[in-house]
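What follows is a pair of complexes built around chain A, which joins chain B in one and chain C in the other.
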Partner chain A sequence: MSGGNITKPKPRVGIYGLTGCAGDQLLLIHCEDELLDIFNAFDIRSFVMASSNPIEEDMDVALVEGSVSTEEQKKHLMDIRKRAKILVAIGNCATVGGVQAMYAQDGTFKDRMKKVYGDMKFITEPMEGQPLDAFVTVDYYLPGCPISAKQALPLLSRLLHGAPPEPFPHPVCHECKLQENKCLLLDKKFCLGPLTQGGCGAVCPSHGLPCVGCWGPHSDANFKEHITLLESFGMTKDEVIRRIRNFGGHKILAYIKDL
Partner chain B sequence: MTKTQKIEIEPLARVEGHGGIKVEIKNNEIKDVQVKILEGPRLFETLAIGKTPAEDLSLVPRICAICNLSHKYASLRALEKALDIHVPEVTQTYRQLMHHGEMLESHSLHLYFLALPDFFGYDNAVAMAEKYGDVVMKALALKKFGNKIMRLMGGRMIHGENPVLGGFGKLPNRETLLELKEEALTHLDFAMETIDILASLEVPDYPERETQFICLKPPHDEYDYYGDILLASDGKEYPLEDYKKVIIERTVSHSFAKRSAYNERPFTVGAIARVLNIGDRLKGKAKEARDKLLNERWHRNPIYNNFAQAIEQVFSLEDVIRIVDELVDKAHPEIVNAARDSGTGTGGVEAPRGTLIHHYTIENGVTVDADYITPTAMFLDDIEAFIRKSGENLLAKNEMDGIELKLEMVARAYDPCISCSAHLVSVDIE
Partner chain C sequence: MQPKFFQEFIESLKRFGTIYGPVRRNGVLKYDRVESVDEIELDGERPMIPVKKLFHPMKFNMFQFDKDGFTPDYSSIEKKVIVGVPPCEIHSLLRLDEVFMEQPVDPYYAKQRENSAIIGYSCLPGDDCFCKSTGTDIVEEGFDLFFVNLGEFYLVWVGSSLGHDMVLEREDYFDENVTHEDIEDYIEWRQARDKMFKVSFDFKSMPDIMELSYGSPIWDYFAGKCLSCGQCSMVCPTCNCYTVTDVLDVSSEPEGRRERFWDSCMFVDYSLVAGGHNFRGARADRLKLWYTHKMKAFANEYGKPACIGCGRCVRTCPVDINVLTVAEALTKMEVPAQ
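Moving on to the complex of A and B:
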């Protein structure tokens, strides 16, 4: 007997989508070079977008994409939470609420719903998009619109080996400096790099295009100073705030409430 | 005594987004068929109100990840009309290159990973790899090539910001273009091999019924994925701006997607509609592929959409080669600026799964009206009609074993994009 050489059971994984564009699940499917390894290393029990006949039992890790936008999804999420030892929110919709939550808490959802669907009653009650942690405890966050392979694959490997994922504490602005790009703010371009969580590799500024903020707000950012700077480019404060809320969902409200 | 039986397929697997199928059978007759769209509403058109065109362009790809560039492209075409921007031909050709990336990415994902496992009897493509390893590995490589073009032209694989009003942030250099051509050539053999694989498959006849097909008519004599005219299978043509008169919508309670009809009847869009309506324009290997696969049952059987996608894979690979030859010695075009800040425009492109229409009214630089009509919302009624027909035929032949899978195959053949469909909505702000 080879002592200590016990094969550990593969972690059981469920990959779920609530309301969103499915881009985070798609990104995993689009990891062509790693896809077969991911399916081999994990025991993927449920991944409805890629496979039939899901097994809905207890699991070690649940990856959940999308915002909670109906009562039924809220129930579904709570059921996933009950069955999962570790729950990871993947993508902007799951972490902050997504673009569908850009008007979060301003009270217009019901009106906008009525404008689009009239007085229609649906089989499940719709609600304004909410991030997962509005209803359940989230163990780890993988931000992005969509998530990036450079952040997703290390998170999966660490979970595979029973280690906690490493946090990524840098804003887009930091990643942009590492790319040695010329700062777009010097050209008075509306760049949100300093306010935005990193992980994309500063991909937009590297194409000469300003950051739109799609990874969501960065907790260390100086919102007050940056908004003042952007106003100086010839925009009203309201316009600046409107734009920085596009991908900020519910989470950005805490950073701008006193400004 | 009455006997009621309900068939519930939920969740509907191997499609994008959250949906289901419900069929109610009473006294051996199909009473009701519902394709349920349970993806929550996001109200995209209301999000666009008050935004600048640049913001619109970064919002719309988020409607759907699989066809994110089609959404961006449709918005670009609409907004550029509204703002009187005329891009040079070179820019248009780069956009076609970008769009081929998405066609290859989306078609290969659907054909090999979402649809083929049904034909070979597997739950998913990874399980299929044990016996069909060669096909799965080559399919992954083809999908990766599609994604490479998307990354190159879009700026990143999904939701890239590189296509902007009037042009692109950054364009590929000569070496990169030539590399694409080389690579397209290597995938062409596999794309043709796929045609032979499909030719050997037996396509079941249980869903068959007559329907109608709509696609965009390209503005030139070749096959293509964009245009300003809606072309229907009855031979009629309509200016794209009249889309609201041609495609009539309604809401239903079992779905956050609106429903559409043409001539008061359901219709189909997508690869099958394009190959049927404009497939006689195909040349080269794509024509060869069409000649091998096309038969008169296509008009009645949506499962052939998988075959049409395979033909378009060949077309897109050949067209990437043509485009590289055309672009390789041309200088990069400048970004064209807007000539005005108010106007109305309707843009149409063929997303992988069918005709996609974006419409905007811009006043003083901000959006006052937006409308996005997606392919999945257009063909949902037809999916229901084909599922009903399938159920009737299977009941009549008493072939109820495994009916769930048979019905799923009909829905899946359309390659529905449920995220997209869940906001086929229109808002008019007075």
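Moving on to the complex of A and C:
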């Protein structure tokens, strides 16, 4: 019930996918209990995973999944940015570059491309996968591989009411301890929890599996000390760095450049 | 009380509330709802997350709100009988009372406290326990009943009228005649226990050392090591900071709920204020806050320091930053040997 208030127009939303597995878009569709609420509260104009009749006009909020991996995607992203008041990067590929950027800036992109595709001609020029903010201003980040409903829905509802979404700059360890898990590091087992942005609910450690870093690098992490700790468990530094880079994309480079 | 009566007696306490105690879940010892009395583990390992979680829940909804106002959510509050709380953790609850029961009273904590009975249980020090140093190895208050396991029998202290009512429930199990021999057994037990402590530190000097070491390079050394994982705060029985967030419903109406969950001053946004200033952006400042508050500032405010000597920080920190290593480094003014 609107209670006699002036009914505000529903925010117009576009949901887009660049290079990624489309898992983040799929997660939104999988929010079955909230799906009707989402469609009631928002005017979803473009979401090709849900409807093949997109309306491409100006919008209030754009949710963009995937890394920018071709020239065409770069143009598409810039067009979305022009039309959207608020742009949210959703998922690991859009926020840091994704697993396709695990060798980011190591200079081997062209060789790897040739090894996999040979001398193929492309309809649009491929480029090394990059996060959205390499090309446009991103207003909010929703990390994850895929994103979680527990973070996505509060972000959407905040935007709905014109409130800024709340960041959660805590490592995975925070939620891990709230699940009463024994710390894997105490058993000298590999885990990237302290280096990884939290918000996943510590799903992997709650099942006895190490955190592999899929929410992307945690900006406050102590990379130097954690690498030293993992080395003391018998891993080589190269091995640790390789694991950190799996989901670290381009963003990890700034954190490990002096190590 | 004879040990053979123990389980049956605990079973009889169901009349006073749902039984909670240390039970093993997925291999981890946790304070949790007891399904069957024989699963309670009392002698040995201590639960990783302290008993504070039953009074100051890790995560809960404080209230629902809409455009007309808010409705408090007290649904997590139930009558509880908490079995197996050791002396140090009983002390920790008394410290938390200072924080949460002072005006303005935290209604969530207060209601949990009012609705819970504490059945204390003696323990023998583990490798990392130092409650003797912090003066929290014995209790005089803060329990309804307290069981001292003397092997052949339990010495049972009655700490409240509720505790007395509990005894009356199974009066036959208790023998009121304490012989001179019983007293000697108890004293011997205490002397033997006192000799079992493997670690100790000069707790009484810590407030002064903290004050004088404020600018010490020791803090930078520990800051270089700290992973800022926040585990120390989660496992510390007296850490009580929490954060709140308003979770709006996906609806055009302004309605939703306020969530409250444990926070830690080890996290980077803990001292971040509106406008973007961060009072403790540097890791060294966060560590200094944690230890100064625990061993000095809490005492200034409430008369006693907040460390209760349970050793959880010693067992938990992956990079060996804990009350003992910090106290030793500050006392000797040198960093620990690698």
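Methods note: the second predicted complex is superposed on the first by the 255 of 259 C-alpha atoms of A that agree within 3 Å, B and C clash if a C-alpha of one lies under 4 Å from a C-alpha of the other, contacts with A are read in each partner's own complex, and residues count from 1 in each chain.
Methods note: a contact is a pair of C-beta atoms (placed from the backbone, for glycine too) under 8 Å apart; a residue touches a chain by one contact, two chains touch by 3 or more.
Bear in mind the structure is a predicted one, so any value in this text is a computation, not a measurement.
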item: Partners on chain A (chain B, chain C) - clash or fit; value: fit
item: Which of chain B and chain C A:Ser67 touches, first, second, both or neither; value: first
item: Broader residue contact with chain A after superposition on the shared chain, chain B or chain C; value: B
item: First, second, both or neither for A:Ser51, with chain B first and chain C second; value: first
item: Touching partner for A:Asp139 - first (chain B), second (chain C), both, neither; value: neither
item: Vertex chain A angle, Cα centres of chain C and chain B, expressed to the nearest 10 degrees; value: 110
item: Contacts of A:Leu18 with chain B and chain C, given as first, second, both or neither; value: first
item: Chain B versus chain C as contact partner of A:Glu231, first or second or both or neither; value: neither
item: Nearest-approach distance, in Å, of chain C Cα atoms to those of chain B in the combined model; value: 10
item: Shared contact residues on chain A - chain B and chain C; value: none
item: Residues of chain C touching chain A in the complex; value: 25, 27-28, 30, 48-49, 58-59, 67, 224-231, 234-235, 245, 247-254, 256, 261-262, 264, 267-269, 283, 315-316, 318-319
item: Complex contacts: residues of chain A adjacent to chain B; value: 17-24, 26-27, 29-30, 32-33, 35-36, 39, 47-54, 67-70, 72-73, 98-100, 102-103, 108-109, 112-113, 115-118, 120-124, 126-127, 129, 145-146, 200, 203-204, 207-209, 212, 214, 242-243, 246
item: Of chain B, residues touching chain A in the complex; value: 11-18, 36, 38-47, 50-51, 55, 58-59, 61-66, 68, 105, 109, 113-114, 117, 123-127, 129, 140-141, 143-144, 147, 155-162, 164, 169-170, 251, 253-254, 256, 408, 419, 422-423, 425-427, 429
item: Partner chain C, residues of chain A touching it in the complex; value: 1-3, 7-8, 10, 34, 37-38, 40-41, 153-154, 156-158, 160-161, 163, 166-167, 169-171, 173-174, 177-178, 180-183, 185-186, 193-194, 219-222, 224-226, 229
